[in-house]
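Next come two complexes, and both contain chain A; in the first it sits with chain B, in the second with chain C.
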Partner chain A sequence: MKKYLFIFKSEVMSDMQYVFNTFVGFIGYFILLFILFNLYSYLYTDSSEIINGYTMNQMIWYVIVTEILWTVLSGKRLCRKISNDVKSGNIAYNMNKPYSYIGYALFGYLGEIFIKAITYVVLAAIMGFIFLGSFPNLSIMSILAVLLTGVLATVISIMFIITIGLLSFYIEDSGPIYWVYSKLILVLGTIFPIEYFPIGVQKVLSYSPIYVVSYGPAKLFVDFSFDTFKNIFIYQLIYLLIAYLLASFIYKKGVKKLNVNGG
Partner chain B sequence: MLMAVRNQFKVSLLSIKYAIMRELLNKVTFVTNIVFMILNNASFIIQWVVLFSIKDDFGGFGLKDVLILWGLSAMAYGFSRFFFKKAFSLSETINTGKLDSFLVQPKNVLLSAITTDVEPSALGDILYGYIILFIYGMNLKNFILLTIYGMTGGLVLTSISVILNSLSFWFSKTDVIADTGNSLMINFSTYPDGIFKGVVKLMLYTIVPVGIVVYIPIQVIIEFNIIKLSITILFTIFIVCLAFLVFNKGLKKYSSTNLMVARI
Partner chain C sequence: MGIIEVKKLSKTFKVKIKEKGLKGSIKSIIKPKYKTISAVNDVNFEIEKGEIIAFIGPNGAGKSTTIKMLTGILYPDAGSIKVLDIDPIKDRKKLAYQIGTVFGQKEQLWTHLTPYDNFKFFGAIYDIPESRVEKKIDELRELFELDEFINTPVRNLSLGQRIRCEIVASLIHEPKVLFLDEPTIGLDPVVKENIRSLIKRMNKEYKTTIFLTSHDVGDIEKLCKRVIIINNGMVVLDDTMDNLKYHYLNKKIVEVKTKEKVNLDDTDGITVLKDKGYNLKLEVDITKKSVTDAIKLLNPDNIIDINISNIPLEDIISSIYKEGI
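Right, the complex of A and B next:
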């Protein structure tokens, strides 16, 4: 574990050189939130109205949390990195090192987004307060529970994206698969909570990765209950195991097909 | 003068043609990129179906109007990314000294630099625009208007990118500013202007010209108006000229990094 923490730390140190980019990048997040704020202000005729179980304030806080998870992750960059490692043969340099490539990619990327995540959480909280004038009613314990599910959601997302990137062992470009995966997460779990969909779809979504990587932490933030937390946490552990096994399986099968010509 | 423009146009088209041929070396990936981009764009239909199940109209837009808004935005995006892909990473070209190889060519530096590569998936965006037009109501007038507006929108997006990326001639780390400017245009262009009010709405028709490249065109597609059509075309000419002006101004400040690279 020590070696992975070292990888994590190295990436955090390296990322600290680009703090300016993080702040400028937040403008993009702000614009997106501003548009959604306008959209939901238009959708709700008054702030006390409840649509599908959510007030306007809850809806805005919901998208603030899901958009943090979505924007901080920048999955496209990670998928391209893994895919390029496979296509360029760079992955061969990692194969003979005393660590697992998946662990290296996971902790390296967590390090890369660490500063960004903290910055976005702080700035988004300030922004949400300015927009809405209040925070959801949360205790210290529930805030910790939301943070825990948020971290787990990020780890699971990274594992899934690594898996998609590793598909480059079999297909020339795994990017298009990532586009569809990411847009499904965005449309079905980021812009709206699951409750916005018909009952039949809700059931499917509550067993899908969307429930653990996007909906879960945001739902807890706007409407916390210990039962929901327990449920989401257990699902996250199951999905973490599935994502790890899937990535390991594809990696182990894939490296047998790897053919690097010189370098 | 006209001859020079014609020659330059020919060279740019050849450059794009060779870039397409390069991408076609792997036909499966080329086609997959296009098909998945269409699916990617189509996924947003879900968002609007959900929203319209709650409310009947959004800022005067019905579901079909929102679809054509998406179609036009995708087309403009696709046009800019397919034909002028390198305009969106121009600051990297400038910062790494890769402009050197274009400076020695007896052709326009900006056009040569931005037409050296194509983005195959952007063809999916262009096709998506026409698919949406079929759903909206295909006729010759709409087809011509969508094509014109796809091109003007693409040229405006490219020009804004060139202007923002050209800041690299004067300042460092401007790529983030350029990316933010581009995402600003794209994000606003996929939502009806009726949901925005006051100063923001004014901004969308001035500083962030989404109104001129997307909202006005949608109004013209719904109800033809020659004056509104002219506004978009004149604005496109203006911003394209401005992009050339800013780039050429910046080019005078450019100094090579003596980077030795092979362009393959």
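Right, the complex of A and C next:
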């Protein structure tokens, strides 16, 4: 485990060269949130109105959290990186090192987004407070629970994206698969909570990855209950195991097909 | 028993083929066609501990494929490999702790970090205790003269400095075998010489077995005592450097400058390589004709200047690439 923490640390150190980019990137996040804030202000006639179980403040805090998870992840970049590693044969240069490629990619990417994640959480919290005038009512324990599920949601998302990227062993370009995956997460789990969809769709979504990578942490942040936390946490562990096994399976089968350019 | 043992090693690649034009593109989607390329074919060799061997061949000969199979990156189709008695396919990770790799065309270092941080990173991934890593870094920074730039981010280093750091990074875990794939590519002659002497020193100091591929004859000539030449996926020569030179030393190159023009045609044992009127370049096969015979043909009184030399190693290797042995 020590070596993976070192990979994480090295990536954080490396990323410190680009701290300024993180602040610039936040402008895009701010604009998006500003648009959604205005959209929900229009939908809700007054701030005490409840639509599908959410007040306006809860809806906006929900979107603030899901958008952090979405934007900080920048999944397209990771998917392209893994896919290019496979297609160019660069993945080979990681294979003769005594670590697992999946572990390397996971911890490396966690390191890459670490500073961005902290920056976005702090700035988004300030922004939310300025927009709404208050924070959701959370105890220290529930904040820790939200952070835990947020980290797990990120880890699971990264594992899924690695899996999609590794599909490049079998298909020419895994980009379109990621596109479909990311749009499903965006539409069904980021902009609106699950409760906004018809009952039938809600049931499907509550068993889908959307429940653990996007909805879960945001739901806990706006409406915390220990039962919901327990439920989300268990689902996250199951999905983490599934994502890891899937990525490992695809990787193990894939490397046997590896064709390294230039030899 | 050799430190590296390769027996009947073969590897083929399946490559997609596409007919030309749009029609060909559509066809390749509906009914893709593939051809099989034999990259390595029945390769056998054995390498002893502490040897520096040159594993060379023209582009596409199969050298990198072989290195990648030796390090467990690629899976062979047939044959067996043992590196330090470990099968790279079954125990890739176990082998990784025992070998080092430097790919001249591929950066392994983190470019935004300093060499020192990179060495610490490599120490951590090879599970080496912190105190031992520090000791090793101190030792290698002295051997490879890194003091000047050990705390400069890798992206700001010159290519020569970076290659030195790449080699040091691959030595942090004290590998028993080091695979160097074109380590001097793109370097200027002075830096090349410097890298070669460092490699030699390292081999002497740590008794590291070095498996070197290079297109640079200087690397091969100055570092290696044994050479394996591979072409079209097959070993075409496996011999000592001395033998390689000896077999080809029966040919001499005679370059002369004459007072008057000489008209000389190829004869048995003498080949005219270049004829520029007053300047001639001949190849003399001394098993058939002596150098004196060649001089007599030119008329010694007519000669202003003469230079007699052996065939350069580069030409020897090129002719092996072209004709086989």
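One rule holds for everything that comes next: the second predicted complex is superposed on the first by the 261 of 263 C-alpha atoms of A that agree within 3 Å, B and C clash if a C-alpha of one lies under 4 Å from a C-alpha of the other, contacts with A are read in each partner's own complex, and residues count from 1 in each chain.
Assume a contact is a pair of C-beta atoms (placed from the backbone, for glycine too) under 8 Å apart; a residue touches a chain by one contact, two chains touch by 3 or more.
In this text, all values refer to a predicted model and were calculated from it rather than measured experimentally.
Enquirer: Given the touch rule stated above, what does A:F226 touch, chain B (first), chain C (second), both, or neither?
Expert: A:F226: touches no partner chain.
Enquirer: In the superposed arrangement, which partner chain does A:K97 touch: chain B (first), chain C (second), both, or neither?
Expert: second
Enquirer: Mind working out whether A:F135 is in touch with chain B, chain C, both or neither, as first, second, both or neither?
Expert: Neither partner.
Enquirer: Given the superposition on chain A, which partner contacts more residues in chain A: chain B or chain C?
Expert: Comparing touch counts on chain A for chain B and chain C gives B.
Enquirer: For A:Y207, using the defined touch cut-off, is the partner it touches chain B, chain C, both, or neither? Pick first, second, both or neither.
Expert: Touch status of A:Y207: no partner.
Enquirer: Between chain B (first) and chain C (second), which does A:K2 come into contact with in this model arrangement: first, second, both, or neither?
Expert: A:K2 sits against chain C, while chain B stays out of touch.
Enquirer: After superposition on the shared chain, which partner residues are touched by A:F249: those of chain B (first), chain C (second), both, or neither?
Expert: The answer is neither, since A:F249 touches no partner chain.
Enquirer: First (chain B), second (chain C), both or neither: which does A:V180 touch?
Expert: first
Enquirer: Looking at A:S10, would you say it contacts chain B, chain C, both, or neither? Reply first, second, both or neither.
Expert: Touch status of A:S10: second partner only.
Enquirer: If I apply the document's touch criterion, which positions on chain A are contacted by chain B in one structure and by chain C in the other?
Expert: None.
Enquirer: Which chain B residues qualify as touching chain A in the complex?
Expert: 26, 28-29, 32-33, 35-37, 39-40, 43-44, 46-47, 50-51, 54-55, 58-59, 121, 173, 176-177, 179-180, 183-184, 187-188, 191, 194-197, 200
Enquirer: Report the residues of chain C in contact with chain A in the complex, numbered from low to high.
Expert: Answer in residue numbers: 13-14, 39, 62-65, 67-68, 71-75, 92-93, 95-97, 99, 101, 103, 105-106, 108, 110-113, 117, 120-121, 124-127.
Enquirer: Which residues of chain A touch chain C in the complex?
Expert: 2-3, 6-7, 10, 13-15, 17, 90, 92-93, 95-99, 255-256, 258-260, 262-263
Enquirer: Enumerate the contact residues on chain A facing chain B in the complex.
Expert: 20-21, 24-25, 27-28, 31-32, 35, 38-39, 41-43, 51, 171-173, 175-177, 179-180, 183-184, 186-188, 191-192, 196-197
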